[in-house]
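For reference, the structure I am asking about is given below.
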Amino acid sequence: MTINDLLTDIRSFLDTVVFPLEKELGQSSFRELVPRLAKVREEVKRRGMWAPHLPRELGGLAMPLTEFAHVSALLGESPIGHYLFNCQAPDIGNCELLHGHGSTEQKNTWLVPLAAGEIRSCFAMTEPEFAGSNPVNMATSAKRDGNDYVINGHKWFASSADGASFAIVMAVTNPEAAPHKRASQIIVPMNTPGVTLVRNISTMGHEGSDWMSHAELRFTNVRVPIANRLGEEGAGFALAQERLGPGRIHHCMRWIGICERAFRLMCERAVARELSPGEPLAKQQGIQFWVAESRAEIDAARLLVLDTAQQIETLGAHQARDRISLIKFHVAGVLGRVLDRAIQVHGALGLTDETPLAAWYAHERGARIYDGPDEVHKSSVAKRILKSYSAKRTAP
Amino acid sequence: MTINDLLTDIRSFLDTVVFPLEKELGQSSFRELVPRLAKVREEVKRRGMWAPHLPRELGGLAMPLTEFAHVSALLGESPIGHYLFNCQAPDIGNCELLHGHGSTEQKNTWLVPLAAGEIRSCFAMTEPEFAGSNPVNMATSAKRDGNDYVINGHKWFASSADGASFAIVMAVTNPEAAPHKRASQIIVPMNTPGVTLVRNISTMGHEGSDWMSHAELRFTNVRVPIANRLGEEGAGFALAQERLGPGRIHHCMRWIGICERAFRLMCERAVARELSPGEPLAKQQGIQFWVAESRAEIDAARLLVLDTAQQIETLGAHQARDRISLIKFHVAGVLGRVLDRAIQVHGALGLTDETPLAAWYAHERGARIYDGPDEVHKSSVAKRILKSYSAKRTAP
Amino acid sequence: MTINDLLTDIRSFLDTVVFPLEKELGQSSFRELVPRLAKVREEVKRRGMWAPHLPRELGGLAMPLTEFAHVSALLGESPIGHYLFNCQAPDIGNCELLHGHGSTEQKNTWLVPLAAGEIRSCFAMTEPEFAGSNPVNMATSAKRDGNDYVINGHKWFASSADGASFAIVMAVTNPEAAPHKRASQIIVPMNTPGVTLVRNISTMGHEGSDWMSHAELRFTNVRVPIANRLGEEGAGFALAQERLGPGRIHHCMRWIGICERAFRLMCERAVARELSPGEPLAKQQGIQFWVAESRAEIDAARLLVLDTAQQIETLGAHQARDRISLIKFHVAGVLGRVLDRAIQVHGALGLTDETPLAAWYAHERGARIYDGPDEVHKSSVAKRILKSYSAKRTAP
Amino acid sequence: MTINDLLTDIRSFLDTVVFPLEKELGQSSFRELVPRLAKVREEVKRRGMWAPHLPRELGGLAMPLTEFAHVSALLGESPIGHYLFNCQAPDIGNCELLHGHGSTEQKNTWLVPLAAGEIRSCFAMTEPEFAGSNPVNMATSAKRDGNDYVINGHKWFASSADGASFAIVMAVTNPEAAPHKRASQIIVPMNTPGVTLVRNISTMGHEGSDWMSHAELRFTNVRVPIANRLGEEGAGFALAQERLGPGRIHHCMRWIGICERAFRLMCERAVARELSPGEPLAKQQGIQFWVAESRAEIDAARLLVLDTAQQIETLGAHQARDRISLIKFHVAGVLGRVLDRAIQVHGALGLTDETPLAAWYAHERGARIYDGPDEVHKSSVAKRILKSYSAKRTAP
């Protein structure tokens, strides 16, 4: 199946199966919906569209990042798009970690069922006591004791922990090492004694449930085998960084997808809603401006992300790191503006849950915060750029 | 009690009684909280701070608009501030209508218990089938039949209808009249046969309940006495306009209050949260910019609203109508920016319901939509201004 | 020579020859500088870099639009870059018109010396009495009289008319035709009796001179042979539209070039200027934000323009017309923001004429106005987009 | 004469005398215009409107800051308004300095003729080698030698130095003192040997002349009596700070005046310019938005500045220092946006010098830079605000 064929199939599947499902999402908790969604996931498998980013041996379509980016934009048009195709965060990132750095046993135990969509996972890194924007600040520790690590710590915003089978936990294993070499990533089954899901954190008025939730977790003398560590001891940050490159493409293309849906809803509303008979909103110049500005911003943002995916594939994530930072805040900004305009065009309807706009408006406010607030990315990329000018200056 | 004494008392009451209550608000539905809040309302009465905007004979403090504006800004610092002092929308507007235009019987039946906080009310104007920004577009009709009106129609975003004792309903009584003279305002007890609360509309993921809700209502052959009409037949729009002037001051000062609270939370977070030991967020220049810009914008917006209240008192709402439009969108814009910055400074915490910021961010998105979208106000005020230039041009 | 080799050569030529010339530009009028620049143009020819967009038979490098776009961005880094390489507006557009639609005689007489840089030309379309954004509104007429047209009219913002050998004049030849078929484009030698250059219009404090000027022109009973008409009678608008597609790419890529230069100057200043010893501006977070935001916006804008050039080449200007409108206002917006930030980083120096920033700030304010104000482009592209949604709506 | 009478008189004088003069300003250098303007200044005196801010004994109207603010806004409507009424910067600030801190002899020698408009002055503080935003960084020195100071240094952006009779020069007299106590302000007659006006700095393409210019100055062994020092030795910064408070009000109200004129021109153009017959620009919703937004922003900004003037008068400049910083960047921002919109509404005409908009657009870009860039004001006011929150935090 070519990428274009796949995109056509997904487009049709969205229109006929996924979008109609969204209403139910608004009326029940995600947990209640899980059995229903499981059947749709089976249908996705049957149609040969499952997990396009995964290698064939794991049931996927082995699609390169530059092609999968297009898929991601399409799936982003529905809040449950990625989930249905098993390429949702945080599982997609955990799959990439396990595939790249897992031992054979880790792969068999965790990656295979994760790729098959039989289990879910979470990633526990951020701690409430420390600014997430400085990941070196971390109190969770994993101390060796015989063949085990004993983990103690406090995490939050562990997305989708509710119902997950395992967490990948970032913990300090080497407190004496250089700041960026202190932590390791350790697989912790969620049913290990000492792991407590304190609560699903209420955000924007919702605790959510199951995959659609963000947990606060406590780890109290949690004991797991040293063999559960991913990669080298002290490699936690390096792995986290590596996870970020393609992860940023996934996020950004998903945001592009949200923008495209919001854009379409905005246009549809503008032509359908009349201020007075024969006077649709579409005739209002202010709305025309928003349509034009949104189209330009979305197109430019999409090209920027695709070009960055290309850079990652050809130059590697390290060489592409400036761009990986740039797209984070740039696309998050476009997302915020497009959603805001789409809601305004809908008027009171835009505030209701009869379109996905309101939920996105509330929950994607986080886009400018998660994975490091925009401001951190702006500063860090600018420092690197400015450093290159300093270097020129002081060159002979 | 002078206005300054009252403001001091309210500030202290907010700090010691109201803010601590907010957490419970997040954990239970508003309906569950009503008995609890009723006790606090009693305490407000006991302390002589009840309903400062109402005349003394109705139990209030007879405060003029220019003074009450300051009270409103203070109460706005909590989502339940106005409710606790019985000056919450839509009851405050309905009180003003009844006080200004109600018959003695209407006042005794509805205004007295409303002023005492014994009952609540709602206002049913917007219809889902018509753009709210053009209030002339309206299908709800009230046809005379003997001594009664028979009302049929469909309304939504009737805030606080859930639990209200009566609605003031805007309905077309004179379909042949000029567009702005077709509708009347009619008091409809909510328990009248034919009145159906279809649902509390889910907005930003919440249906809400009781005072904190927005209802969809159906009126099917609802029969009420003609004596339930407020003011003249056909005067519905004129009354609605009149209601808007002071109502705009109430809303805008409440938004200023939200801004002040958000500003304070932003500053408190900035000095408390450290990026690394000894490096609070407050040292980040980007955050300093937001603090300074917010302070300037809030101060300027407050002065603009206060000056407009002054204009309403001295010139009347009609003469002040340009300003009444200007503050609507100007202050809503400041509100949006200040909330956005405050959330960003809080990082992930800003997305949680541990501060009121997230709820405000979600639910005050409506500030740019309700009472007519910003765009309508901008156009209409600009047209009046530009017309005055046209007039000069064509003068001899 | 490959495009990359050419770009390397141009970069080096800019650094060593062109940038050092800019200071003199500030100190003398353009007219005084012409002889000096003529020598540099000879050098450009000698180095084989002349007019890369022109076909080889006209002395150019026959570069396709998608490649020339990169050249244009590079030349845009200096206010005199395009002039030195003979690809400056309005001559580049006139060359395209003559090449595509000129008769053999027109080509021999006008195109050959224009391509060689021996003469200059201008384009006279906008009229002071009519909004430029509605090109159908036009009073200049060309009436047939024997074998001649007799032209009467009033034009302004005819850029570079001062010193031009001929103008291409838009004039109504068919007043009874449909609005878009009324005008024709006619070649008028500037020394024809009845052609008056009323003045070089002072803009932002400058009248300018020669190529760097915008003229007001009067045409009073100007008689030219009918053979001077370009293309069919009544084809004036169609030709003007055709001229716009590639012309937009040229403008936008030139703006990208200005952005790149401004970005570099901003970074260089930020690392060089110290607030106190050891505290360069580059350490200020606010400046870091501007650097990061500018980098993201320039990169995204560049990709958008290049993709549009690709669309023009593969689909044609008509199919690409939405994008051609989108890039106009999108890139003009980026240009404005980047220049503004660069000036702010320079402080008082940014206001002086010691960098090209101030001149660009003043004179490229026009970027949001010339070729149709941004607002017209936004409206027209949005109307086309919204129309496609209307069509879907009313489809069976 | 009451303030309202004066404002009426000035409005009429502007309409009949000043605005018609502006065109000539565009066509000649300021120097050429000086004799002509001198006559208008005489007329201002005759009409009893001269220098309203000055005490009566100096020929003024003894108007308090809160009243003069309104005058300043009115005069700001013309680029030459303040000059004609002798309340132009930098003379107005120098008058305040001399009046508050000058010795009797200094007053007789410099203040009396300055107040009478017989001479002009300048203020030499900023140095090209040091960031103006950090006034402690300064190399100009004044060393005692007998009864004289010997001054050496390099200044720029000494506005109006061309043609001035004296400069007030900021120079380090006490290099060993604490940073803010090192400099003194010294009166230096411009014809003192060793004072060189290197050039009028070309900004935005203009060198300007006379009062409308910004000079680069060199001081080489310039010898003036110690009696020329203003105030105490080392009090230079304190005096500069003091000068800033009312100076900020003057600047900000002048900017408000520019905004009002730009607003009026925008509205006049919008109703006069037709896109097609019967379709004035005023019908475009985009332009309506700009009109409404501008009106709200200007009104709010004006109230903020007036309230700040009130604070200065009642609390003193020190207590009001936060607000003095806030209005600087807030009003400069409004100014920039309003001018930008007014130009856009004028289209190509807005770029020409047929309205004052283009000159203001170019030269008031400096508003965000002079008197300390906006960013410095934002940071410093935010630091003070945030400090107060820190203090609360650490209080017992």
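Note that the chains are named A, B, C and D in the order they appear, and that numbering of residues resets to 1 at the start of each chain.
The working rule: a contact is a pair of C-beta atoms (placed from the backbone, for glycine too) under 8 Å apart; a residue touches a chain by one contact, two chains touch by 3 or more.
Worth saying up front: this structure is predicted, and the values here are computed from it rather than measured.
Engineer: If I average the CA coordinates per chain, which chain comes out farthest from subunit A?
Structural biologist: Most remote chain from subunit A, centroid-wise, comes out as D.
Engineer: So which one's got more C-beta contacts, C-D or A-D?
Structural biologist: C-D
Engineer: Test of understanding: which option in A-C, A-B or B-C shares over half of the contact pairs of B-D, residue numbers taken as the match?
Structural biologist: Selected from A-C, A-B or B-C as the counterpart of B-D: A-C.
Engineer: Rounded to a whole Å, what is the gap between the Cα centroids of subunit A and subunit D?
Structural biologist: A distance of 52 Å separates the two centres.
Engineer: I'd like to verify one number: the distance from the centre of subunit A to the centre of subunit C, where each centre is the average of its C-alpha atoms, in whole angstrom.
Structural biologist: 43
Engineer: How many angstrom lie between the centres of subunit C and subunit D, each centre taken as the mean Cα position?
Structural biologist: About 37 Å separates the centre of subunit C from that of subunit D.
Engineer: Would you give the residues of subunit B that are in contact with at least 2 other chains, written as numbers and ranges?
Structural biologist: Residues 284-286, 289, 375.
Engineer: Where on subunit D is subunit A touching in the complex?
Structural biologist: 284-286, 289
Engineer: Touching subunit A in the complex: which residues of subunit B?
Structural biologist: Contacts found on subunit B: 26, 126, 128, 131-134, 136-137, 156-157, 201-206, 273-276, 281, 284, 286, 343-344, 347-353, 358-359, 361-362, 365-366, 368-370, 373-375.
Engineer: Touching subunit C in the complex: which residues of subunit A?
Structural biologist: 264, 267-268, 270-272, 280, 282, 285, 287-289, 291-293, 295-297, 299-301, 303-304, 307, 322-323, 325-327, 329-330, 375, 377-379, 381-383, 385-386, 389-390, 393
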